[in-house]
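Structures follow.
Presented sequentially are two complexes of chain A, the first with chain B as partner and the second with chain C.
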Partner chain A sequence: MLFPTLDFGLFFLPVLLLVWTVGQASNEWRKIILLLASWIFYGAWDWRFVLLLIASAALNWGCAQAIQRRLDDGRSAQPWLGLGVAANLAILGFFKYFGFFIDQLAPLLVKAGWGRDLPLIEVILPVGISFFTFQGMSYLIDIARRQTAPATFLDTTLLMSFFPHLVAGPIVRASHLVPQFARVPKLTRGMVATALILICWGLFKKTVIASELATGLVDKAFFDPTAQSGLDLLAGAYGYAVQIYCDFSAYSDMAVGLAALLGYRFPRNFLSPYRSGSLQEFWRRWHISLSSWLRDYLYISLGGNRGGVWFICRNLMITMLLGGFWHGAKWTFLIWGALHGGVLAIERLWREWRPAGLPALPRPLAILIIFHIVVAGWIFFRADTLDGALAFFTQLWAFRPGVALASPLLCGLIAFGLAIHFTPPALLPALGRRVAAWPAPLLGLATGLAILIVDAMRFEGVAAFIYYQF
Partner chain B sequence: MKPLADVFAESLMIDAASVTDDLAYQSIKEWDSVAHMVLVTALEDNYEIMLDADDIVAMSSVAKVREILAKYDVTA
Partner chain C sequence: MADAFESPVDVAADERGLSGLGQMAIVIIVAVVTLALLNAHALAAWADTLEPGARSARIGDAAHALADRTAARGFDGPRATLHDQWNRAKAARWSGQSRPDQAPAE
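Presenting the complex of A and B:
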């Protein structure tokens, strides 16, 4: 079930009605309704994986209890923490990376006479698995670091299964959500207004900008770069930067909005990432819940900023390489991670050794340079194979004349997708306050109208969100 | 729109005069995790905004709340 579909609407409206009627009477029933709804939502992809989700929640709940007991007894939490993290990693590893390693080993296995068994050990990837295993791990680490207290079984299961964030994030931590589960939430006008704005805005970004750029430009440019002109490839690369932003941030906006309509607040996941003047700043604005996860649980565990400058560079590189690998077991993702890790390390070294008195780059120029580094990374990220990515760069360098794909409409969408990065940061709350003052029937009518307008503007069908596969 | 001190006083059920900038989360028994969520809703209600989950976690003192509200274009 994808958010921007009628199916999802038909699923969401009864859930909304139930939680604000039956769910008002008892907080426990409210959470049970949300839990069942989440399993139905997830089960719409594949029922079997609902069991995996429940097993994973039970595992993390059990480990959390054991860790807390050891801490209460004044003993080290390490054995249970290690076991819990290893179990989460094992689930993630089996479903996500098993295939990659089997593929790499395939020639050896064939040589050993096991070639016939290869198709049998192929594994289907459950949707959103990396999001809920990451949530599980951070939950256990937070408890071991005494930053959060273990939640009840119901709260733990709901934290991990809550459908707005289940399949493509944002990564919601126990400290974000469990305190909100403590009592029946109150829905305020500001919350409803902000939620509806986010949902409509997300629908527009996803179904109009991202889908249009994907089908009209990006997919064609990346399908066979050797057949395209230089300008088309350049537009394709910029187009993908706008597409992936509009696609992913739209999912996050809708997730935040849907959760808010149910009475819960999520962390924001994007903050105009392409207006960053350094790559470090980019990662404070892009997929914030993942980058802060990597910072708090991986980078800090590696030693963080505690050592010398080379030690910090090593940690940055490892963190970004693993961040790349998290996206999938492909060389293109590893190169993407290495590029980001490398540039982050160079930024760090430059800060250390920058000659005194050298004037800083003007901010617009810095933004332009960082944007192009990010775009270069996206070419690896988007290309299906390493050869495909290299062909893209070679053809772009050759810059063959002509324009076939980059129509004025598509270029306009790219310009629009970049221009929205430069709106004032407080625009959303300002709009929310204005909309909150509207009478409820007007707000309902305006939402319906906005959805109809977006529907009229969009093209046939809705492509899956890019981040579903991660 | 109520002044910030009143929102704090009503949510935490304390005297408005005791709401000073350095009043911190969990420094008094009235400002515990349950009251924190009451405070969040009261702030959202009063200023007609929706707070980000990260900001809710970061609201560690009255001064910090004021700083966070500024991000939402609220002068409190």
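Presenting the complex of A and C:
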């Protein structure tokens, strides 16, 4: 069930009605309604995965209780923490990486004469598994670090299953969401207005910009780069940068907006990432819930900044390589992670050893350089194979003349998708405040017309969000 | 042990008058009615995708009846006009640009 569909709208409106009627009288019933709705939402993909989700929640709830008991007794939480993290990683590893490792081992096993013993299991990847397993791990680590208290079984299950963030984040931490489950939330006019703006804006970014760029330009450019001109490939690379931003940030915007209409606050996940003057800044603006997760639970666990400059560079590299591997078991993701880790390490070394008195790069130039490094990374990220990525770069370098794919509209969408990064950060709250003051019927009419305009411009059908595959 | 964190929906607006819940209820009702009148064909198209059966046939009949009635009064005009304009913008090409299914112009 995809957010920008009528199916989802017909699912969400009854849930909203139940939550604010039955759920208004009893907070426990409110949470039970939300939990059942989340399972229906997830079960629309495959009912078997709902069982996996429940098992994962039960596992994390049990480990959390055991960790807290040991902490209360003054003993180390390590055994249960290790077990819980290992179990989450085992779930993730089996569903996400089993096929990759079998593929890598196959030539060796065939050479050793064991080819016929290769397992013939085709593992189906449950949607959003990377998100809910990471959420489970951070929950256990936070309890072991005494940063959050164990939640009830209902709250833990709802934390992991809550449908607005279930399949593509943001990765909402227990310390952010569980305290909000303690009582029936209060809905303010500011929340409603901002939520509606985010939902309409997300619909536009996903169904108009991202879908149009994907079908008209990016998919064709990456399908066979050897058949495309240099300008089309350049537009395809820029187009993918805009597509992935508009696709993923649209999901986050809609998730934040939908959760807000249900009364819950989610953290910000994107903050104009392409206006970054360094790669470190980029990671403070892009997929903030994942980058802060990697920082708090991986980078810091590896030692973080507590060491010499080479130690820090090593930690940056390991963190980004694993961040790449989190996206999927493909060499292209590993290279994407290595590129980001390498440039982050170079930035760190440069900060350490930069000659005194050397003037800093003008910010517009720094933004331009960082943007192109990010785009180069996206080419690996988007390509289906390593050969495909290398062919893209080779053809781009050859720069065959002509233009076939990059139409005026698609170029305009790329320019628009980049220009929105340079709007003032205070624009959304200012708009939210203004719209909240409108009479409710006028706001309803504006919402209906906004959805109508998006529907008139949208591409026929809706493709799944890019991050559903992770 | 709640963490303080920033959410995009933390907007301090004037909360006098209608409550947030009341505002949301009216907004949804008005938006649904607006879309039912101006975009009924989307509902009909959705009904056509349902698995065949007695219930989906009833839903389909109702959705198509609404789409026909709103179209007869010209309510589907604004969406159709916008859709045509958008398709025209999509079809536009730079001067000398080949179509996507042709080889790039040298």
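Here, the second predicted complex is superposed on the first by the 457 of 470 C-alpha atoms of A that agree within 3 Å, B and C clash if a C-alpha of one lies under 4 Å from a C-alpha of the other, contacts with A are read in each partner's own complex, and residues count from 1 in each chain.
Keep in mind that, in the parts below, a residue touches a chain if its C-beta (ideal position, glycine included) is under 8 Å from a C-beta of that chain, and two chains touch if they have at least 3 such contacts.
Bear in mind that the values here come from a model prediction, so they are computed numbers and not experimental data.
Student: Looking at the overlay on chain A, is there a clash between chain B and chain C, or do the two fit?
Tutor: By the criteria stated at the top, chain C and chain B clash after superposition.
Student: So, does A:Thr447 touch the first partner chain B, the second partner chain C, both, or neither?
Tutor: second
Student: Kindly classify A:Asp247 by the partners it touches after superposition: chain B alone (first), chain C alone (second), both, or neither?
Tutor: After superposition on chain A, A:Asp247 lies in contact with neither partner.
Student: Thinking of the overlay built on chain A, is A:Ala404 touched by chain B (first), by chain C (second), by both, or by neither?
Tutor: second
Student: Taking the superposition on A as described, I'd like to know which of chain B and chain C A:Asp155 touches: first, second, both or neither.
Tutor: After superposing on A, A:Asp155 lies clear of both chain B and chain C.
Student: A:Ala426 contacts which: chain B (first), chain C (second), both, neither?
Tutor: So A:Ala426 only meets chain B here.
Student: Which partner does A:Pro185 contact after superposing on A: first (chain B), second (chain C), both, neither?
Tutor: The first partner, chain B, only.
Student: Have a look and say if chain B or chain C is in touch with more residues of chain A.
Tutor: C
Student: Answer with first, second, both or neither: which of chain B and chain C does A:Leu13 touch in the superposed model?
Tutor: Touch partner of A:Leu13: chain C, not chain B.
Student: Is A:His176 contacted by the first partner chain B, the second partner chain C, both or neither?
Tutor: In the superposition, A:His176 touches chain B and chain C alike.
Student: Taking the contacts chain A makes with chain B in one complex and with chain C in the other, which residues are shared?
Tutor: In chain A, residues 175-176, 179, 186, 188-191, 193-195, 260, 265-268, 429, 432-433, 436-437 are touched by chain B and also by chain C.
Student: Enumerate the contact residues on chain A facing chain B in the complex.
Tutor: Those in contact with chain B are residues 172, 175-177, 179-180, 182-183, 185-186, 188-191, 193-195, 260, 265-268, 288, 425-426, 429-430, 432-433, 436-437.
Student: Flag every residue of chain A that touches chain C in the complex, lowest number first.
Tutor: 6-7, 13, 16, 20, 147-149, 173, 175-176, 179, 186-196, 198, 212, 216, 220, 228-229, 232, 253, 256-257, 260-261, 265-268, 400-405, 407-409, 428-429, 432-433, 436-437, 440-441, 443-445, 447-449, 451-453, 455-457
Student: Show which residues of chain C lie in contact with chain A when the two form their complex.
Tutor: These residues of chain C touch chain A: 1-3, 5-15, 18-24, 26-35, 38-39, 42-43, 46, 78-80, 82-83, 86, 89-90, 92-94, 97-100, 102-106.
Student: In the complex formed with chain A, which residues of chain B make contact?
Tutor: Against chain A, the touching part of chain B is residues 33-34, 36-37, 40-41, 44-45, 47-54, 56-57, 71-74.
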